[in-house]
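Notes for the one structure printed next.
Chains here go by letter, A, B, C and D, matching the order in which they are written, and residues are numbered from 1 within each.
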């Protein structure tokens, strides 16, 4: 293996990039350089700014400051088309397909092969798509519409799209999150051959085995900035993880010890076709039960099924011995269940409505006098709860969209805490929020548990799971694969249950 | 690589190709459904009154359909990009009146020039709509509802109370309105040529495919680097230009033009497009479907008087047809989506 | 750094709170009324005020439920046809000897049923409301003609029809103003001061988040369509009595005027934004502008152009303002951020 | 059918509330303000009436205004009636879009002292001072069926292409035609195939003509008592195989029909002069406003060059029988 970095100039170099969305700072002085012929891993916690960084490379975001060089020449992308023209191909974290177009067209949109008269040569386009799919080892029909493709197949189309560009720089944001083993192997084979042909590859993943299998160098990001860049051979996974987190974890998880009370939430044999099957567990008063697992294991679906925002096929949910009707969130709320959803922007907030409205939406009936919401009851309630959660805002009448991500999360928490739940379900309660806020949220969960609330916490962050939970339920592929007590739980034991690799 | 992965694979392999034939069948079935309704309608009408299938009757229907067809073609392009153009009726009126006026003032103007003028007037209106929508970020419905009023007001201004009669226009132009080659009227030929061109544009040119992409997912279109502004402007200009051309044909066919030409036509055109299977939120549908929808609505409005059916039922039938068409479309789509979801899922 | 950015964001918002379109439209309306009263001859007379109220009554009534529906992100283009159909039904019932006291509530029920049909297609089947209500626009108008043909029924009792155009005692206050104010107050209360109003805004602002907060979005929309139909039925009765003429083509084309007035009042066609006072101002502005222009002998052509332009400007203006503000804010931020690396 | 106006007819008839006494020898007052409200502006027919009316008003030394909605609906007309009565206009000359819907606002206008004269299309006799009828309904109906009968040799199938079916005048004429066919022995061999409505829209009338011809293959004649309808029908026939075989007659303007008379599609049609109608409306209105007449039956007044007119039953002033136009005389007219 040649010495890194090799003598030549990097294919892509980003230096001093910063980017804010409103008051959320996603990147601060971030840098990366990727060389031709290398596969470069980019790792970091959720919200570290990885996706934002690659969106800048892709021309989808314009950095607030910083310079971008391609082959040593400074460039400024006016849009994704410019990045594409400069030879950068991107697979985004979320598939961005056109559901109404065929699979082949999705791959070649804007650069379909043409006949002499400028007409699109569909036959050739389909042939070329088939060749790509063969290369990836996936039997997708090129002329089927993208609508209805599974997440995995959508991801395959995205990969095919990126590969077909014959790009000099290939950027992949968690391309494997939804893929199965064969597809991942093929993807890696293709990627290696591209790399060996001189392409620069940037690879983002939360799976370290993949990073080890594919990459030559690794850059670690934390809080929007680069922490380190090393040859993978020179560092251990442990070191990388420490750099990702960057702090002593103890302070982050102020877990109080609580004696568990009676069973409050009882979930029995819950199933939904295509999402999860036969999920059963109990949660006691004062207990924090974590639902751990890989992304896509179906944890969100389970808690949404419990709360009733999604229909379920079979199984029952009881709160305090009382059975909840399926697909009826109102009944769940009446029984004392609260769900803080995982995607606060899509599921949690009315972004263009005021903080007051957001914070009191779930309590609108109880706050009314004689059916009318007058006399400032909503404002008082919003003031009280945002105050308790130390939310920072301009004025309560401002739209929720103006808040920083962490404060948005607090508003969603406030909305549900205000209902005085007996069962509090939090799905990724700290996703995308900063360390300080994280600690606050954890303190809050802990003290709620101390007050006798039964808490279900879905989290993809292992330290959070380990630091906060009394019990850990691990899900894999829609089923509960095991349960660990606080004492037995280690990163390894949880990961083993989550991935199914038997080691113990 | 992992156990997890292998398990998934064993189940996930079958997903891929099943959807294609299923969806294709459904799509074909839709067009087929329209054809069947059309055929049944023609058969019943002809059985009651054989004259319905006479040469002159068919010619009349084709003539009547030609203008609707033209406007539906333009509307389809706009709707595909997730827009709508409610001003087409007003644009048609403006173009019809201006062209007729031009011809009555200058009888020497040749027909192609007149057509270009109408086309140009429409294109300018379309450009205005497109600019308001794209640069002003005004929702298409609001923008074109506004220009529906504005353009009609302009027609009123231009026309005042005057009416341009057949006798004011050059005979050559009027003859063109009813003339035919090999028994086929010119007007329908023009519409069919335009239809064919737009159909080829939409299905075989990159810019045409971009229209679908824009309507299918604006976010993905942005990431894919599709020039949204240029495409949207193209769509509205095309729609306006075709409405303008429709105005010229209107003047030629009816010979009498006043300020009310094309009044309230927009809803008929939207209806034709929707019945023809074009999704009102963009991304899917074809001009051929829309043409079929336009043709079906024209045949209905021509067949019902021939059938001696109370003409008042006509509007109700058209309305029921619109709701029915989109409802059936949705039910079929839901079925397909559901079966694809179950087949496509890896878990369970 | 980030604190500073936050404060600027707030200042920007501070500005925008006072520049929201519904506030602007109310101010514009008041200013216009003052201007018209002082400088348009005959505009300020009490009789003209009466005429104005009668003229805008149907638009205002239909705009009330329309506002709620548009705030949820849907639309109902069939309202005017519903007015026509209930008017026809009223004529048919009256001709067959049904007493008016029975007819009037029945018409409201008919309207509600027609609204329920819209609601069913929109919520149960999830069809786009624009397409559905274009369809029922044609369907209901067609059925109106099927019922009554091109004939008119005109022999309604004088007492009823003169009530609709009459005034309270000797005052110039039209009788219909009372129910109008009551209904407007009711709708304003529902939208702005009652829990269901919060649910309406939530549904239009973010359907998914509304569902996650336990709001039955589909059910809510369904009942809004029913309400819209019922109000249209009421307007059908009013229209018929006011013109003493039950006809299938009553209120033809009124749907676009109603939508225009609602949008003018600052309601976003995408849902989640708007106020009822703004809409009331929109209705009053549209109608009084037309009234004043007519009194000033401006041609009906000009009225059409003014209506359309108002509609476009009402959306364009805040957009442009917003963009200008955005640019300014970015400039400001640039100056506060340390210069980017070379 | 269907319209039930009887209940109002027995309240009382003719002009009622004016207790002023007519002074037949008085002069037309000068300085009167008159407003003409057509069914809709942008209609050439009313434009012709208005031009002639404006000249007369000028001669009488009054103010004249031509205003109205751009859509021909009763509700928009109400707004304009309200507007002109607000403006204190002395006389409203109105062609009504609906016989009943305008009554309340007309009554309010009259209560404020405005004279209401309808022309071309009437409202309830209660709600106006006088109606200037283009022609006697009977005379129009009779002329129409007579022309049709002449052109088809006294026997055959006839269809009617009307405007909208609640246009008061259209229905009155159609009633007369139907009655004539049933009762007049001259028309015993004529059969009425049906009535189609073209809504006074060119395109619709065009399609309805086509529908009529297909629904009734042995149709011999079409009567279209509306200027829009007859022009559309003529246009259809002139380019169809049935040109010359199916007779077409009705009410049309010479300018619109000249072409079709020349090419043989149409033999003869009729109409009154809309300009004269406008003039007479002005004179009638001014006469009432000047107290020359009150609108009661039997009163007479002089309408300038048009000559002397007598107010008939229900306050109707009739212009005269319609003029017939054919190849011989059509070039003498220009409107």
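By definition in this document, a residue touches a chain if its C-beta (ideal position, glycine included) is under 8 Å from a C-beta of that chain, and two chains touch if they have at least 3 such contacts.
Not measured: the values here are computed from a predicted model.
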Given chain B and chain C, the chains that contact each of them: A, D
Reference chain B; chain at largest CA-centroid distance: A
Distance from the mean Cα position of chain D to that of chain A, given in whole angstrom: 75
CA centroid of chain C to CA centroid of chain D, Å: 38
Centroid distance [mean C-alpha coordinates] between chain C and chain A, Å: 42
Approximate Å spacing (C-alpha centroids) for the pair chain A, chain B: 42
Multi-chain contact residues (two or more partners), chain D: 41, 70, 197
Chain B, residues touching no fewer than two other chains: 156
Where chain A touches two or more other chains, by residue: none
Chains grouped in pairs wherever the two touch, ordered by label: A-B, A-C, B-C, B-D, C-D
Touching residues on chain C, where the partner in the complex is chain B: 75, 121, 125-128, 130-132, 134-143, 145-146, 149-150, 248, 253, 256, 259-260, 263, 269-270, 299-312, 315-316, 319-320
Residues of chain A that touch chain B when the two form their complex: 58-60, 79-84, 90, 92, 96-101, 105, 109-112, 114, 118-120, 122, 138-141, 143-145, 147-150, 152-153, 179-185, 209-210, 213, 273-277, 294, 298, 476-478, 499-501
For the chain B and chain A complex, residues of the former touching the latter: 1-9, 12-13, 15-17, 19-20, 23, 200, 203-206, 209-210, 212-213, 215-217, 219-227, 279, 283-284, 336-337, 340-342, 344-348
Footprint of chain C on chain B - complex, ascending: 84, 132, 136-139, 141-143, 145-154, 156-157, 264, 267, 270-271, 274, 280-281, 310, 312-323, 326-327, 330-331
Chain B residues touching chain D - in the complex, by the definition given at the top: 49, 51-52, 54, 56-57, 60, 64, 156, 159-163, 165-167, 178, 254-256, 258-261, 301-302, 304-308, 311
